[in-house]
Amino acid sequence: MKVNVKGRFSFPGGIHPPEKKDLSREVEIQPGPAVKEVAVMLSQHIGAVCQPLNRKGDAVQAGQKIGDCDAFVSAPVHSPITGKVKEIALRSHAVLGRSSAIVIEAFSYSPTRRSYFKLKDDFDEKNYSAGQICEAVRQAGIVGMGGAGFPTRVKIEPNPQMPKETLIINGCECEPYITCDYRIMLEWTNQIIAGIKLARKASGCSQVFIAIEGNKPKAIEVMNRALESFANSDSIKVIPVKTKYPQGGERQLIKAILKKDVPTGGIPPMIGVVVLNVATAAAIAEAVISDLPLTHRVVTVTGEAVAKPGNYYVPIGTSVEDLIEFCGGVTKKSAKVLLGGPMMGIAIADLKTPITKATNAITVLTKEQIGRAKFARRQTACICCGRCLEVCPENLNPTKIAHAVKYNFLDVAESYYISACMECGCCSYVCPANIELTGYIKTGKIFLARQKKKIPG
Amino acid sequence: MDTLNILLMGFISIVIINNLVFTKFLGICPYLGVSGRIDMAFGMGLAVTFVVTLSGTLTWMIDNWILMKLGLEVTRYICFILVIAGAVQLVEMYMRKFFPSLYESFGIFLPLITTNCAILGLCLFINLWGINSLLEAVVLSFGAGIGFTMAICIMAGIRENLNLADVPECLKGAPITLITAGILTLAFMGFAGMIR
Amino acid sequence: MANESQPTTGLYKETLLAGLWRENPVFRLLLGMCPTLAVTAAVKPALTMGLCVIFVLVCSNIIVSLMRNLLKPHLRILMFTLTIATFVTIADLFLKAFALTMSETLGPYVPLIIVNCIIICRAEACASKNGLIVSVIDALGMGVGFTLTLCVLAAIREVLATGMIFEVQVMPDAFVPWAAMGMPVGAFITLGLMLGLVNLTNKKKAKSSCHEV
Amino acid sequence: MILANVLELWSSVWPAGVTMLGLGSGFALVLLIASEKLKVTVDPKIEQIHEALPNLDCGACGFAGCGQYAKAVLGDPELLGKCAPGGPETSSKIADVLNLQVSDSGPQQRPIVRCRACTADKTLYAQYQGIQSCIAANALANVQACGFGCLSFGDCTRACKFDALHIVDGMTIVDYEKCTGCTACSKACPRNLIEMVPFGYENMMIVACNSKETGKSTRSICKVGCIGCGICVKQTDVFSVEDNLARIDFTRYEPNEQAETAMNKCPTKVIIYRGKTAPEPPQPGKKPVAATKA
Amino acid sequence: MLKDIRVSCSPHISERLSTRSVMIDVIIGLAPAMAAAGYYFRIHALILICTCVISSVAAEWLCNAIRKKPNSLDDFSAVVTGIILALSLPPNLPVWVAVIGSVFSIAIGKMVFGGLGANIFNPAMVGRTFLTASFGVLMTSWMVPVTIDSEIAKIDPDNKIKAVAEEGLVHARTRATPLAWSKQAIKSELGADLYSEEQFKATLTGEVGGSLGETSAIALLLGGLYLLIRRTINFHIPLAILVSAFIFGAIAYLIDSYSYVQPLYHLSSGGLLLCAFFIATDPVTAPLTRRGMWIFGIGVGMLTMLIRIVGEYPEGVMFSILLMNAVTPLIDRLCKRIPAGGKPSA
Amino acid sequence: MLKIKHFIQESWLLIVASFAFGLLIAVASASLDARIKQNEKDKLDNLMKSLISDANDFQIAIEQAEIPGDRGRVETTDVYKALGEDGGVIGFAFVAVGAGFADKIKLVIAVDGKCEKFFGFKVLSSNETPGFGSKIKDDDPESDVDFADQFKGAPAQEFELIKTGKLEVIKKIDSQIVAISGATVSSDAVVKIFNMYTDKIREQLRQKGLIGDGK
């Protein structure tokens, strides 16, 4: 397949919200706060919940495995710091509500800046077998770091039923504000490429595309340069894709680059594709080469209400409160704290919520932004303008689904394929009537899931 | 050619211009009752089409070949209704036996086809209009059924949409259906005077 | 409510009154819509229609009630319609004989009484289960309720469509008649709004089933 | 003279009569043949069961309507007793049709709401904006500080077909007079707060809390939450504490002095009566720790 | 440190767009037509537009008050309905008729269905059709623009008819619209070649008899262009209507050019342009999907021409709009969108 | 196998009832028939009388005259002759049927004894749109002249429908008929009915020798 690097790869639908990335895009990755306590959630990702391996009062080392699970779709968790297990208690989880976490009190923790990983010059992925890579990835507890947090090992492990051909490395970062992937691409370029090669080796893919949005020319340039300097990079290509949201969505990315649709309700491997986030690729390199578990990650703390926006390398389990405090606290105008970006991020009320492996950003929005945004204004009736249909990247009919949910006609919602919605929020973003379309669709999905579970037959 | 023209014009006329529901107020009960969902409405429409074609043809034959010959026009109504009721019951039994799922979804409305004024009304109108060829009677009866199906399907589509709207509580159901039907009759006025 | 000392009289009274309002065939049971819409362009035909319906209803209820124990299931509907059709024919003949203009105005809607759902429903729901007296009273109540409804609807439409009631001018001369009220539109919309009003009087708790924002 | 008149009338009338006779008998014949040939062997039992059912089509049984349930129960007698609105009475009627012995299903199941926090008792970290529905709100973590308590957006009141649930001052109150035990509310609650319990008595003692938090964190956010102290367990073994939450074994519960004592001794007054004539629940005696905000 | 924070479902930012801004755009788009109406019909235009707008707004306010619903006037949809209704009425219509029309439009056409967004039919067209049905004579009495010297009706087709009939007019005080006279001319077998360059120009500028806002094709095109540029409307529906109407007009013209006027003339006269840009594009009553919009537009164009060419009425726009509105739910169902990844299996 | 006995058992009620009801209807019909016939005749007579005011009596001149209608249909009608004081034929009248706007229009048309001039027409039954088509029988308050008046005394030949015309045109009694504004279809229907019947009736009258063969 011949790839036109200058082409504008895109998908139907989508929106282009103000990027707002300049708040933190030029800020280098810095070490995070000197935390005194971290709470490592036992459920950090899609899949089975881990069982704690320690009891209250046990001492743990940094990097020590503290929770694991036998299920296939799962990943262990590790302590990011050396300290003592203070308790195993409920903590707020952005998705699950109250969920149990291992709270570790630090003996002493000094924030570092990637001190213990260095890519060896003589790196060659041929030194590792596929099985070896998969096992290392599993042991390091690596999950997708772009948002959903799907265990990476499951993704890259060869599956005879679904042979993988193409590996797409997702460096789009289409959400406004967030810059952590961008910084990683600029600063950890070589590590990412090492990770890519390892993932390529493990999954047996023949071609690799690194998708980077057109608004990050620097990252494209750096990537291209790094690829040139590496051996065995000929099947790896950087593809500048069109700057729009949700370009970073797996399905949209595949559509944009390969012009293929992932079956509704299916997963990319069904059409032979694996999509990995750049941060995940970096973590793979770390895990395989240096045998280091995933205990830290880069988080962008940003938003107009944050005093010192930036990208921080923090231990997983750090509470949002600590992190915001470290960034100089918030201005008085702050009104909404989001885990993630403003499009798909989850608003949290409890600032003690610990960050997880999938948390890529903390965005604090100001009162003015909230006031200007949806749902603070009065909702008016749907005028069926069809804007939501135009922007829907999944080619759905959001207004119909939302109204079906609103008036409790779940069968109608289902017949309009509510389950195909990925909740990107484009429809709500453009709706002139301020209807919380995404919210209704989410509600409907939960409703349906409950109905299916409860009613026999 | 001429006959064909008459038949075609008659058909279009009864489907659109002289639509039984919109201009003659016939078949309003099932129109209000079964127009909740499109699939149900379509099924009902087909059932009515079938029965109306059957009974329109039969009554025309009985009327022209027996009653008029014997000078027994006075028993016309009673004969018509006998034919219709008989035909409906036959259809009902047949469906129950061979299409049980279809039968279930119609529920109470199948026997109510007997009392669907559209059917008797059409038989009477065929007589009133002085249709004097069997073929024309068949076409008109069939057209009437199609017209009814069309009307009820349009209404069902609208009502499915209205389910997802904030219709005033007191107007939900029959009232809003009637008002919608009223506006529909306004719209169908546009076809007036096209034929005949 | 039924007076306990006079259970039967109370029952009769209640049956009679039920048809007038509580179980009004048009407003509550949504039966007999076709004539309700078709003949209400003016009060006079509406009244005639109502009287015909009362006549047929009473007669058919009597007959059905008398032979209720002899009915075979597969011939039940057939028997009902047969009875009704007979009386409708007689009513039609009477109209033709004594009120020719009215008969012409009503046209095919007189024979269509046969398929008026009210009659067959009362035959089915009341007469085939109850004794003679109750059936007759029920028929009277339902018939009068139907007639009154027809007349009210017709009065509204006639005034607006022609400015007259019983062909007597009631509106000022400056009033320009709304021709549409005499057309199908007027019938549908007036009846729809009236039904809405009647529903309003129902003291049913309005429960919104949607998730408001 | 009269005879002549009658004869004359007869002569003009008989064709009509005979035609009708012919038509009538013709149709009677056709219909009779049809009814014999096309007879559908519908099990009369289905009709009977259908008649015995309350015909509310509420869906409590898990089927689309009473008709569907009637069919199912005929095929599978195990499903007997699923009709909640009808209760044992209906079940026995159906059992009669099916010639089954109805097993004594015990007292009727009625819902209890396991949260008694009124608006003032609840601690909020943030203000929720958006769809006013429990399911939607519950999808966001920490809409209320308590992750277990009633959200009071009324999904259950909307689910109730019998107008038996109401939100009063942030509390969901069941009107046991109207309740038919159809379980719609317990299915609707996203936090599974509404539990169906066997109502052996007019009023039942319940633990009106669902919080599995530790006592300390429960106290910090709710005045009337169960702190899992276990005082009640010491009074009678009908109570048990699990996951920092007291529970009542309703199958063994009976109103007696120990239970009464346990209720009175409860420090946060979370054990209360619910039922048709239940008294107003008491306010907790001493002031709990002031709720703190993040 | 943080007080008064909020939580809500994602997304947390949005475009600055509201129903009101959409409606204001439509009003701006209608401004040229209103201006043209004001120029040609002077005080009549002012009175009619004001009456319709005021009574529409009042009716909406009243309906909301009765239902005890929050006031929905601030979305300006009632104003738009009022203006469109006014523009489609004859200029010298009595005020009370306009009031009845507006109230009917808002109450029966919109509010009984649950207000804006729920109405199945275009409210303004419901009102206009009701008026046509009720007050046929008043609704077909046209006024000549005041800019034309009332003594010499230079483009009045009745002059031609007069030339043939050598006599005056039945109703000397009224003038038929271009469409009405073309129909009359056809029926009285005078031929449709009464059409001329000059008259076509007149329909473009609007110096002809007709409904208030329908006469000036240029003004309507201008407004339509504004809406298209602002992306308030999509080009699909207008294009589909105009193209299909042109094609059907052309077919009729080719079959019998003596009896039917030229297709371009059909486009420029009557309410077709107003309909194509402002009425059919009413998003509430039009299909949601692109494919549906094409079907809808073609349907409107086709029915309009059918009614104009074959039917009794000289103008078919309002009927065709209502008819297509009625089948819109069915069109939407027919053109249901399939998810990008195909229908989910099982 | 069905047995007769079984059949009788199941259906005796229906059979007996249909017989009884048949008789009942027949009796009712027999007793009312005369009146109904008289009613109809009276109505027709009245209409004819109002058209031909000089007539004393009406008698059937041609029974069941066949008129080939449009689209191959054949309409039949009775033609009556109007007898004057002296017993001479002063005119003919017949019922004419044609398709109107909504439904059929039935007219009573009267011509003079020589079949040269119309006396005019009356509407026997029509179901035209109130306010528009119904003007064929009602007076139009807008115009100064009745639509029906245009036919009074008009020559019995093909009519031509024109759309507009001055009052003089309407008032002028000739073969040009000015349509009712807004009810072209109904007006057209009336004119068509006239055109359809006139020649055919005249022909049939001639055949019967009731009128001369046109001078």
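Labels for the chains are A, B, C, D, E and F, by order of writing; each one numbers its residues from 1.
Everything below uses one rule, namely that a residue touches a chain if its C-beta (ideal position, glycine included) is under 8 Å from a C-beta of that chain, and two chains touch if they have at least 3 such contacts.
All values derive from a computational prediction rather than experimental measurement.
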Furthest chain, CA centroid comparison against subunit D: F
Longest centre-to-centre distance from subunit B, chain (CA-based): A
Pair sharing more residue contacts (C-beta pairs) when B-C is set against A-E: A-E
Centroid distance [mean C-alpha coordinates] between subunit D and subunit A, Å: 42
Gap in Å, rounded to a whole number, between the CA centres of subunit F and subunit E: 43
Distance from subunit F to subunit C - Cα centre to Cα centre, in angstrom: 34
Where subunit B touches two or more other chains, by residue: 23, 74-75, 78, 82, 86, 89, 128, 160, 165-166, 168, 171, 176, 179, 182-183, 186, 189, 192-193
Numbers and ranges of subunit E residues touching at least 2 other chains: 2, 4-9, 108, 112, 114-115, 117-118, 130, 133, 136, 312
Two or more partner chains touched - positions in subunit F: 10-11, 14, 17-18, 21-22, 25-26, 29, 101, 129, 131-132, 184-185
Touching residues on subunit F, where the partner in the complex is subunit B: 18, 21-22, 25-26, 29, 71-74, 97, 99-102, 104, 129, 184-185
Subunit C partner contacts - residues on subunit D that touch it in the complex: 24, 27-28, 31-32, 35, 130-133, 136, 158, 163
Subunit A residues within the subunit B interface of the complex: 381, 400, 403-404, 406-407, 409, 412
Sites on subunit E touched by subunit B in the complex: 67, 108-109, 112-115, 117-118, 120-121, 126, 129-130, 133, 303, 306-307, 310-313, 316, 318-320, 322-323, 325-330, 332-333
Subunit D residues within the subunit B interface of the complex: 15-16, 19-20, 23-24, 27, 30-31, 34-35, 38-40, 67
